[in-house]
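In the two assemblies presented below, chain A is common to both, partnered first by chain B and then by chain C.
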Partner chain A sequence: MKRILIIDDAATVRLYHRQILEKAGYLVEEAFNGLEALEKALQAPFDLYLVDINTPKLDGFGFLRELRSQPITQTPAIMISTMAEERDRQQAAAAGANDYLVKPVRPEQLLAHVRPLLGEVST
Partner chain B sequence: MNPLLTQFLSEARDFLQSIAEKLMQLESAPNDNEAMNELFRAVHTLKGNSGLFDFPEMTRVLHAGEDLLDAVREERLAYSRALADQLLDAMDFVGMLCDEIESRGAIGAQHASVGAELAAALREFMTSDSDSAPDAAPAAPADLARAVASNTPDSIFLAPPAEELLAIPEDIRRAAWQRAHDGASLYWLCYTPDEQCFFQGEDPFFLAQQTPGLLWGRITAREAWPPLAELDAYRCLLRFDLLLAITRAEIDQHFRYVPEQLTLTPLPALALVLPVGDGKDSAEGEDFASAALHQLETGSLDALRHATTVMLELASPQRWLASALRWLLLLLDTHAARGAVRLLLESIRDGATPDWRQSGTADAAAQATPAPPHGDPDTPAALLPRANEVAWEILAWQGEVLAQASRVAALPGHLHAAATTLRNCLRALGRPDDTRRVDEALNEALATSSAAPLAACLQRFLAEAGATAAAPVAATAAAPASSPVATTASDGEGEPRFGRRADDLLPGSRTLKVDQAKIDRLMNLIGEMVVAKNALPYLAARAESGSSAREMAREIKAQHAVINRIAEEMHDAIMQVRMLPVSFVFQRFPRLVRDISRKLGKEVSLVVEGEDTEADKNVIEALADPLVHIVRNSLDHGLENPQERIAAGKAAAGRIALTARQEADRVLIEVRDDGRGIDPAHIRRKAVEKGIIDADTAHRISDQEAINLVFAAGFSTAEQVSDLSGRGVGMDVVRDALEKVSGTVTLESEVGVGTCLRLSLPLSMAVNQVMVIESDGQAFGVAMDCVVETVRLPRSSVHTIKDSLAAVLRGRIVPLRPLNTLLGIEAPPLCNEADELAVLIVRHGSDNVGVIVDDFRQTCDVILKPLDGILDALPGYSGSALMGDGSVLLVLNLKELI
Partner chain C sequence: MPLIKPGQTPPSDEEKRRWPRDADGLLRALDDSTPSARRCSARDMANAENDAQRALFAAALLARLRSEHEVSVREVMLTTLVRLGDIAALSGLADCLRTDDTTLRNEVIEAMREAPAETAPIILELLGDAEPSLRVFAVNILESFRHPDVEHWLIDLISHEANVNVCASAVDVLCLTGSTASRPALLALRQRFPEEPFLQFAIDLALKRTAD
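Our next item is the complex of A and B:
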């Protein structure tokens, strides 16, 4: 089973994404901020990261930059934010995000973006 | 409720609490960047969370708050008290919505306008205070939102000018008048969709068209259309003017996603009485009106109606006079107010458009517009009549498009486009069945690569239309009206606004947040318990194999000791889980003190100490209301105005200190103010006035005893009932509430220096230690926390003073009460062999009282259950407990009994 780590400081959002992903058959873990996510990522690698930009302590950008600095942690990551500006998308791409979604994300939309990154055919 | 929503509400409450804290923190330290960032993040996250659900009202307010805080954070805007006030208001609103979601599962539509108002008020800060703000959101002007919110009858003459209303055909205006006469309320609604609305998945035309109670509507452009080449088709420049017979609640419901885009004006029906036509001035009109006015004055209305009917037959229907007469007849038929009829007649006489805004007609209008709006379900017209014409026009144009479609390569595209347009038009015209014919024609056209079949199909439609409906309105009537059931949220109208105040009940949070370590400890204990349990089958086997009874008893006792230790520890652990810090109650006081002191015009600084002190959840919850009352009293009666304080040589700002600390097995809470103190002389006078004590007693008692009289039932020292304390709750209620959880309250006060209230509460209350006593052969429990000691007194040392018993104990006189007498048991107390009485010395207020019982037994820990059902009303008992041998022990409430 593919493992996905959700990084978001809002418990409601984590639960929301978790429900969608678990229903689709993924193993989901959660992290409150970038620091916690890094620790989890080093303990056992994940297949995909869902990263909220605006998290306390270490934000989504910082987390991704850190992740990308190590050759062993080149896991795909989707950035999720409430900001929809082109500038934000570019920043996310520069930090190493493979995809960018704007909150709130609809269930089918989330899965449609998650599946290709996990090497699955989107239905 | 689904888990996601539960999670949302629980998290939202945490956020709201932290937002309120941060807002107040920033008031004292506006430059605290970290607090500012946390505040922004909390609002931002909460907004994001609310976006997962269908709570537009909440999201809108939070979004405005977020933008505002963003501006403050980036120093485009200064943090101010007014801004904090507005944000706190907005957060109260959000909290109220949370409560409503929790209790009803959804947000009532009636909150939409308040939400829009709050959002607009927040945005107003940005527009008014910082013109430099580059990306200040396209805020709805505040006055617009206010117009939405205004629902007062004062605004009836804010009606749109007559020129606007004249755009409505006379027959529709007449129908509207009739509706108003039947009890509907009329509104003129101007809906200006957001320019970017198409990108937000909105369909303004559909929304307008589906408005319940739609009588008429038109669509205009907000500004001149640019040349075609520069036209941005995705920018919505439309403005919808709608005439509605509808209730306010229905409007709120229907437009709940876009309340800030509406301008709503209640429309007095009279404003619609506008004659149209040629030849305003006419001699016959003048003659008729003069005569008619006379008839009106003399009250001969039948004659007036007859004259009007005759005159109407004579006048050409297109004339202005005929139109005016038709209105006159309608007014007479619907028994309009006489003032209104007169005004219309005068305007006929003068050949002028009646001016209903003229002074003096307001009451006439009010009479003519029936006041109570009935929420009768309306069947909406399928289409705006004008839209119908447009649809036919578009159809006609498709003919030209098809005629030009000649280039072979582009032909299929052209054909598809034309067919799509055709289908949409037909659907809009209420003829969805005819779209099949279009499809057939399209297939034929594609097959033959010629536009002819489609053009022919179009011609047929146009021809049919010409035959059936010279007036497009007919098509409207025939259209299958999709009638959404008008949801009448009539209960919403009279509901109070978000009446949440800082001093209201704590939000109903039923989730207990527990430290991980406490759970782990409980987990370990369960493990031990499982092991201890496994020893029992082993013991059973030993008993079967014939061990001696004595040996078995020893082993069972040993095992009991093990299980007993675990049970005690588990009990302790679970009590720890139930422990809450007093900050749970204290946290709302900064807000409460801030709000109330501002309202009273006093300056107060609040000092809170010992918030980490923990006590059982029930104790903490029981503490909340009394504490609020005490602090309010301090604010209201204790602390003086700044002027008085300065005159008394004190600092202008008063001080209230709220401290909590643990002392042995009790929590002590102190509320101390440095106000004017309580004057014992004043209390004495008051108590005598109220008949609580007589004048003699008043002289005899000490000052402290006098002050304690404030706890007497029915005593209130307030000279006047103020807005704050006028709740009919006195200190006696505070005392009673605390006694329910075995708490006590004492009061100290010094005139001119201040007052201090001390509350003492048990740490926990789920498990009580009781002493079992015996009386007349029955066992009763007495809570240990009121037992001072147990003594055996020789019968000879008990004296009878007047009618009551007393004994001297350690140099003090202790009154004695036989328990049998208290319980109404007619048996004398029993003595032991040494002729001694068993006396239980218990605390009673600040004195000790001896209760004579038959015998003492052991003390034990019990779980006290309050008496419920019919026994609940039984005085004298605090509850019942199940004993180890399966019997039920009644636990006495000696405080009530003595």
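Our next item is the complex of A and C:
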């Protein structure tokens, strides 16, 4: 079963994404911020990271930069944000994100972006 | 007498000798090459003696803030800017929320949360900002903001806010801090956004948590 880590400081968002992903058959863990996520990722790498940009302590960009500097993982990551400007997408790509989603995300939209990054056919 | 937070190191004798602790000395120390001297300067600026000095220190701190790379110095600069309570200082802090620097934005949010009495007026302005992302940041500040009017502000916001992400952020905070008083506004919001699955989900969760 593929493991996904959701990184978001908003509890409602974490729960919403968790329910969508679990219903689709994924094993989901949560982190409140980039620091907590980094600890979890270094303990046992995941198959995909769903990363909010604006998290306290260590933001999404910082988390991805740290993650990408580690030799253990080039695991795919989707950055997710309320910010929809092109410069935000570029900044996310520069930090190492494979994809970018603008909140609020619909269930089918989330799965359509998650599945290809996990090597699955999106239906 | 300068306020020294627990865990912070008071200025060393060498630092005190190098820069006098008067206004001019503090301003010069803010450009010192050593982080400890800059940190001490920023901390002592919180003890400004009059409005003119407060304005002077606020301008100096804001000018230096974005180029200060030492996190511990930036933290003290932000705390002092909030404590100065000067309108220019608070407006300058609010402007920092417009930057692309997510680290600085998060630090400003943390600093503003710590001093609700001083920052409440500026947060009310931010809640009405033309830019939705600024309104989201203002709502984020309210998440752990010790002010008696927080729920009232959020109810007022979701009663007229048109941006779904601003509403979602407000509902997330109401989920944590709201009471039964927020239920009519939450129900009305659910009617206004019937096609937004996330907002429907968040509102249902908030309604459950504010049920009694």
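Just so we're on the same page, the second predicted complex is superposed on the first by the 123 of 123 C-alpha atoms of A that agree within 3 Å, B and C clash if a C-alpha of one lies under 4 Å from a C-alpha of the other, contacts with A are read in each partner's own complex, and residues count from 1 in each chain.
The rule is simple: contacts are C-beta pairs under 8 Å (C-beta built on N, C-alpha and C of every residue); 3 or more make two chains touch, one makes a residue touch a chain.
Note that the structure is a prediction, hence the values are computed from the model and not measured.
By the touch criterion defined above, A:Gln91 lies against chain C but remains apart from chain B after alignment on the C-alpha atoms of chain A. Look at A:Pro56: by the touch rule set out above, it reaches both chain B and chain C.
Of the two partner chains placed around the shared chain by superposition, chain B and chain C are both touched by A:Ala10.
Counting the residues of chain A that each partner touches, chain B and chain C differ, and the larger count belongs to C.
Of the two partner chains placed by superposition, A:Leu48 touches none, neither chain B nor chain C. In the superposition on chain A, contact of A:Pro107 is made with chain C only, not with chain B.
Counting contacts by the rule stated earlier, residues 10-13, 15-16, 19, 54, 56, 82, 103-104 of chain A appear in both its interface with chain B and its interface with chain C. By the touch rule above, chain C contacts chain A in their complex via residues 100, 102-103, 105-106, 109-110, 132-133, 136-137, 140, 164-165, 168-169, 171-172, 175-176, 196-199, 201-202, 205-206. Of all residues in chain B, only 3-4, 7-8, 11-12, 41, 44-45, 47-49, 51-52 touch chain A in the complex they form.
By the touch criterion stated above, chain A contacts chain C in their complex at residues 10-13, 15-16, 19, 53-57, 59-62, 82-83, 87, 91, 103-107.
On the side of chain A, the complex with chain B involves touching residues 9-13, 15-16, 19, 54, 56, 82, 103-104.
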